[in-house]
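Okay, so chain A shows up in both of these, paired with chain B first and chain C after.
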Partner chain A sequence: MSAVTTAVAKPDAGAVHTARQLLVRHRGLAKLVLLAVVAAVVVPMVNSRWGSGSWPHALTVDPSGSLGKASNWIIDNRDSSPVFLYFFGYVSYGVGYAVRAVYLVLLALGWTGVTAAATLLAWRFAGLRVAVTALVSLALCGALGMWVPTMQTLALMVVAVLASVVVGALLGLAGGLSDRMFRALRPVLDTMQVLPAFAYLLPFVWIFGIGVPPAVLATVVYAAPPMARLTALGLRGADAGVLEAVTSLGATGRQRLLTARLPLARKQLLLGVNQTIMMALSMAVIASVIGAGGLGDRVYQALSTVDVGNALAAGIPIVLLAVVLDRTTAAAGARLGSATVERSGRGWPVWAGIAALTAALALIGRLLNSASWPGGWTVSIAAPVNSVVGWITGHLNSGVPVIGGTADWAAGFTTWVLDPLRGGLQGLPWWSVLLIVGALAWLISTWRTALTAVLAMAAIGVLGVWSVSLDTLSQVLAALAVTLVVGIAVGIVAARSRRVEALLRPVLDVFQTMPQFVYLIPVVALFGAGRAAGAAAAVAYAVPAVVRITTQGLQQVDPGAMEAARSLGATGRQQLRQVQLPLARPALLLAVNQGVVLVLAVVVIAGMIGGGALGYNVVFGLAQGDLATGLIGGTAIVCLGLMLDRVTQPAAATKER
Partner chain B sequence: MARRKLLGALLAAGVLLTATGCGAADMTKQTSPYANVSGAKTVTLSVQSWVGAESNVAVAQYLLEHELGYRVDTVQVDEVPAWDALSQDRVDAILEDWGHPDQEKRYVHDKKTIVSAGDEGVTGHIGWWVPKYLADEHPDILDWHNLNKYASLFRTAESGSKGQLLDGSPSYVTNDKALVNNLHLDYQPVFAGSEAAQITQIKQFAQQKKPFLTYWYMPQWLFNEVPMVEVKLPPYTDACAAKAPADIDCAYPTTALQKYLNADFAKHGGKAAQFLRNFHWTKDQQNEVSQMIAEEKLSPEAAAKKWVSEHPEVWRSWLPK
Partner chain C sequence: MTNADSTTSAPVFSVRNLWKVFGPKADRIPGSPEADLSAEELRARTGCTVAVRDVSFDVRKGEVFVVMGLSGSGKSTLVRCLTRLIEPTAGEIAIEGEDVRGMDRAQLRDLRRHRAAMVFQHFGLLPHRTVLDNVAYGLEIQGTGKAERRARAAEMVEKVGLAGLEGRRPGQLSGGQQQRVGLARALAVDPEVLLFDEPFSALDPLIRRDMQEEVIRLHREEGRTMVFITHDLSEALRLGDRIALMRDGRIVQCGSPEEIVGSPADEYVRDFVRDVPREQVLTVRRAMRPAVAGEAQGGPALSPATLVSEAIEAVARSGGPARVVEGGRCLGVVDHQRLLAVVAGIETEKVAA
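Moving on to the complex of A and B:
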């Protein structure tokens, strides 16, 4: 609110404004001065001791020997050690059986039963429109010849989502009820949400080997945090007045939780479920690298033959699943928010009807002897898609007059942007990198954040992957710059025109749910294998989120401020520059933060298409069973993610209070 | 209070479970949850990321399904993890292995969870290759001694001032970094990161008739489309292969590609196991299928079907009597 007054009512509050501005600047300045003093003392000492090139060798620890030993121990003792026989073995079996049970149910229902159940459930939870979407989507999955993989992914998803929701809700409950738990959990959960999915895979492979169980577990760990986070926030955000009233009515702690706090947090809980489902789906695809099977595996297999068409045929069902699940849970959340609970009386006949109809259709499918999708009803989109891709690579790759070809751009981008950036970063004295990281994080946030960021960066050095990590960092920074320029520009246009926004929305939806894998091969076709291709994939993946956040941020600018600016005769451009953009600053900062996180996630996966650096180390570790390399790479990715998040995350927590 | 009780109960349950040890869960018997549904006999085959491996699996899958009445699941796994998965019974067979002595010792000889199923019939060879159009222009490039002379030809944005040695998937058997070092070559191995990326890149170069030097292997369908000639490296010797990985300075061996089965499956797999043991074909036959999959973009199933209908004389002998 205060920001609005300062920006609009400039003439009146001018003095206050400048004073505050100065103070803010001073605070930043003070931090910088302090840092400079510390640096002036510490740097010469450090410098004389360890020199000022890349990270000093004396300060590294090489854990690969012991990691390798540990990994060999696991393989040799997996079938005899009690830890495995009585704990991990059970976990693994349990997960395996659960997935199998769901899969068997889905197969028993047949395509008729599953389609009926999905459509009816969507109708019950989210209304007719979503029901039609569900019906069409499932039919498309079948028509693309992907029925069985879709069911496999669905089975894995059901188990992973249920587990994530239970684990997340329990953690969230603990965090919602106890302040100490909340303080302990929050930073962990916040951090887990920004880490690239790819970094989660290795520890599970280490213990469980390749297969469905590690895939499910990695998915659970990746997807549970949003549920935990939103549950805790929902419980804590409950209206104090209502709680007061309930307490005064003499409710016990448990009654208060069950009758007031949980129902009040309903909306957040459903939002948590929604986010958990979306994250689980994206992970289930990436986890095909460690044997998850299903649709992700089809994408992965198709990519190994540069078969973009077939990759797309498996990618489309993933998007469709995502859209249906997202719309259903989102609509269910909205309904719960607005509608009432009194309908529970006539709830059970509806449920019985749904069950009966599903059973009947499943039976019909059985009787017609068509449990799996009929083979004759499929279309192959692979051939036409591939010819289009072939045409594009044939014609746009090189030698297009005036603008040059995409391969020329990529070479230019590599030579003129990525190389100098990497060289520059790697040429910086190691302590100056730490200093820069610390200064950036401290300027926009607290000293604690700065310390975390610096420690994360230092950990990378200690692990002995300093220059490789700076290579990854240079790719992230280059891709981020492009993402922000494109994303914010498009976001501004979308915010100013309803029509553009309406046109963009479905496109953004699809792009945001598309598995990252599908992006990888077309960019290789266009830009050639290498870091430029990885950067391009990262930009394509991160731009939608940036566009969306920018658009929302600009649209949510206080209409009063806009009105005031307009009445003062500001032109459209002036409004944008002087009112909208400054007021939307928090949203823009959030866009930067999100952009960094998403770009890092893809730059890492780009290790599969020549991105090299840390991502390659992880891929190499997975592919060669060399878990030491992979785990160190994965840890460095985690540290890099942590550092980047801290450096771009303004101190929101302090403001909230 | 309530929370403490709950914690106690959980702890007690955990202790009870461990102490009574109601049966150990064997980590080596973990069949895929998607296997053997609705009474069907299922075989799970591992597919590696190169097309040749996919051809083996496609044909084996087609015959298992249509001639022997099995249901076949395939899982994409890289080479080394595939060994691990095979030993845990998560997959039943590897149909094309390029030689992993460490794994062979560990799983076949020591733990006995994997058994050999004999030759696949194809001989594999890894090496460095240049396109034919380049070899025609500079015939002496085919000797590694002359590679440094031509390093500038192979420069790319990725390799900087050195020549680019295009490398493939991280999962492949490779000594390229060591070779470049030990032979003092002015080259930089650039890892495409996957075979798909590498093939795309090679095709791109070939289309523009640009020079390139790449890690590649035979048999490979890409040779039919982009003719390449091998660069001679110092000859392979067993003594050289026995050196530490970082010291290797000779060419790659020529390997008879092997098949492996899970030990349990080999014993109880019935006709399927016997069939996979009998599976044996030639380089040309494999390439025929690979070509259909990768170049004509037939689905693996369609390619297998076509090949099977055209060559009954080959596969008839694989079927168990």
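Moving on to the complex of A and C:
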């Protein structure tokens, strides 16, 4: 950069000419030069006025006072203000009532009825294999002594998913039918999709307090966007030729929607339901922090006392639930495509049969007087697991010859990577951080994107959480680096070997269905609580997606180009370096973008296991009822997520989406 | 295929000075000086494309009216304007004297439901429905009862030769079979006019021929009026009672296949029909000359509609000129010279019939 600036500064005509050529040829360089010129003017001014340290105090506003007042007002008026009485109150009451009702139905069905219903539904939607999976999974939930919390989570999920699907489908319908609506919705949905789940909790607690209703509502807001997005895209993507044919037969608008557009979009609709369910589960578990209860709460309670055994006992049912729900809905979608199932005629007797069998089994359970899972059939894994964890702590944590120990690694990672990175970031002049963010975003995308990114970063400073956010950022960057190295390396190997890919696929499938929260359990067992553990969980959570995107990107490289390279006698390594990787560049950029989003999501949750930084601000705010701190932390997380997404999102991808 | 009464009855579609302009402020283009600019210039200056330009024609009852032209000449746009699937920019369209452009939504729906049905190049079938339900779809839209529409659909499926495949989905059919479903769907609503937009372009040549036979058979059996879009000249000549040739949105010539091939209106049309085997399109009516002394008595007798290729055979067999006879009256004669001139594409002065 400096070389170019001097070239421009020189009055020598020849040099200016070549510099201009250089700039015309490399648009990136041109942007950098422009930025450098702007910076050369602005920075000295800014510097003389506010200094070059951390974010200047003069530029912050402290909203905690007014936020505190506002939340006090809310607490005082929750029972008297008409807004609360007649709107939020009813919403809260209705949601709570619905969850209770579903929970009571699940209790009334008893373990026999619920297991029968789940198995039969899985069989109906997804076939025998998934039905067996469902049966075994539910039995395991019971055997682990987690029947009641599983039912609590399930009740919350049923209500949240139904609401998400309805809300999402309605929004998607609006976006699918109206261009203006679509243009308005799209950026909002795109942005919501990259924000960490943790950031959604606070506003609901603010208004509704702690409990099931805010947990459900936060879940709905988090899980509805994919449904809305896919519904809108599905409706808009309908084959224009088919729609024209339908119109040519004289169909009314409603007939067109009901008999053509919606059925044509049904694959996307089901995919939307699938994604919504998975996101809802992920959120329902995290929302235990705000009183959702159920399995998430068990994990949360156990983790807060580093009781890995109990955390695992509650974590396993979460994973099983995730797997069953994902397989059932995914298989239902796949079946639609094959179109072998004849729906008409055979439909209702099957449903009646399922209902009858469920009722019969529920009744049998009742007669045997065992509504909840029989106590004698449970196995407590907490004690043995904890002794294993004890053994790990004793033997693997440190002092293992040659390789050291897990705690040593964690300590090493903290001292040699996280601390210097955090120190370095916090030591940077505040304006240089903004400049770097702007430069990166502008290089990869448009000036608008760069402006958004810079404003998001500046907002963090203005909120007065600059150095805490840089702490979070340092964890994100460290985890991201590891994620990319591991993920891309594994992705390359998988792309080059069918056997490795076949071995990896089921593992990736399971990893990608697990809710973020669950990843905290094993890392606490291995690395203890702390920032390194959080980073490890983030890596574990983000690597599968990066591997998958890399593999797909490499495999989709034009076979013609590969053949040409081979015919020229390129070695395998040359093919990879000179053809595959450059051609797979868009996929790799996408992998970086996804990696950032996923890593951030887990890094902030790691605030619960000693990750500190912004995540801790949120947890602290919730635990101490200091909503101002929590809200500011949540807002900073949103800004950080926005900034990181914009910095890693290529312009082309923005256009395509 | 020619119907005797085709010239006397009222036209099914009557189109006058029809324009379709795509782009911003499209309604300002028709009739303005800009309309005479070349396509690129117009696009550069106004951002508009003229797809249909001042087109007028009549479709007579019972005829197969073919619209032919190269890709981008505006055929699809024109046929979609007929039922306002594309809203015309200017001009008049009447179906049996009723103004189509003035229809409100309900009337337009009624027109599409009962009077004109369309068959599309890319079929436009609903992938999630069975063959039978696809064919019954038009009736379902109209609100026909389930049993009735299924019975009628089954009849149509039979008619287009798909009996036995009622339960399949479009994805499980070949292209030709899918287009038969499209055809059956259009027939099921018993429309007055069938509109075809390049229905067989996506099919391979053998299947295409089959399907053309199918259309010819249907037309012969039912005498339904058809508007048929194609870019394939041989298809146009096979099917058309009359052909309208389009170029850059304009109709450059409209007439019977014989007129198009025998007397092209301009160089463009002449180029277009250059490779057509003329003896298989032109009739002796066009090739004959007045009989000179004695010729009106001897030699084989041919009707005026006899193709030149058949006349060649007759002349070659008899060794002398053949007479063209209509209603016992000798209109003229054809000899070696006249027939060869037709094959060679040499213009001869036409004899008034």
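Definition applied: the second predicted complex is superposed on the first by the 593 of 657 C-alpha atoms of A that agree within 3 Å, B and C clash if a C-alpha of one lies under 4 Å from a C-alpha of the other, contacts with A are read in each partner's own complex, and residues count from 1 in each chain.
Basically, a contact is a pair of C-beta atoms (placed from the backbone, for glycine too) under 8 Å apart; a residue touches a chain by one contact, two chains touch by 3 or more.
Computed from a predicted structure; not experimentally measured.
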Combined model on chain A: chain C and chain B, fit or clash = fit
Query = Given the touch rule stated above, what does A:R100 touch, chain B (first), chain C (second), both, or neither?
reply = first
Request  = Check the residue A:F204 against both partner chains and state whether it touches chain B (first), chain C (second), both, or neither.
outcome  = neither
Ask   = Where does A:T259 make contact in the superposed view: on chain B (first), on chain C (second), on both, or on neither?
value = second
Message = Which partner chains sit in contact with A:N310 here, chain B, chain C, both or neither? Use first/second/both/neither.
response = first
Message = Here's one for you: vertex at chain A, rays to chain B and chain C, all C-alpha centres; what's the angle to the nearest 10 degrees?
response = 150
Message = On the A-aligned overlay, A:V619 touches which partner chain: chain B = first, chain C = second, or both, or neither?
response = first
Query = If you stack the two complexes on chain A, which partner ends up touching A:A245: first (chain B), second (chain C), both, or neither?
reply = second
Message = Tell me the contact category for A:D297 with respect to chain B and chain C: first, second, both or neither.
response = first
Note = Superposed, chain B and chain C have a smallest C-alpha gap in Å of 15
Inquiry  = Quick check on the output: what are the common chain A residues between the chain B footprint and the chain C footprint?
reply    = none
Of all residues in chain B, those that touch chain A in their complex = 2, 17-18, 21, 24-28, 30-34, 37-38, 47, 49-51, 54, 73-85, 88, 90, 106, 111, 156-158, 160, 169-171, 190-201, 204, 207-208, 293-294, 297, 299
Query = In the complex formed with chain A, which residues of chain C make contact?
reply = 83, 85, 109-114, 117-118, 120, 122-128, 137-138, 140-142, 169, 171, 182, 185, 189
Note = chain C partner, complex, touching residues on chain A are 239, 241-242, 244-252, 255, 259-260, 263-264, 266, 339
Ask   = Quick one: in the complex, what on chain A touches chain B?
value = 75-76, 78-79, 82, 84-90, 92-93, 96-97, 99-100, 103-104, 107-108, 152, 155, 205, 209-213, 254, 288, 290-291, 293, 297, 300-301, 303-307, 309-310, 380, 382-383, 386, 393-394, 397-398, 407, 410-411, 414-415, 419, 521, 524-525, 528-533, 606-612, 616, 619-620, 622-626
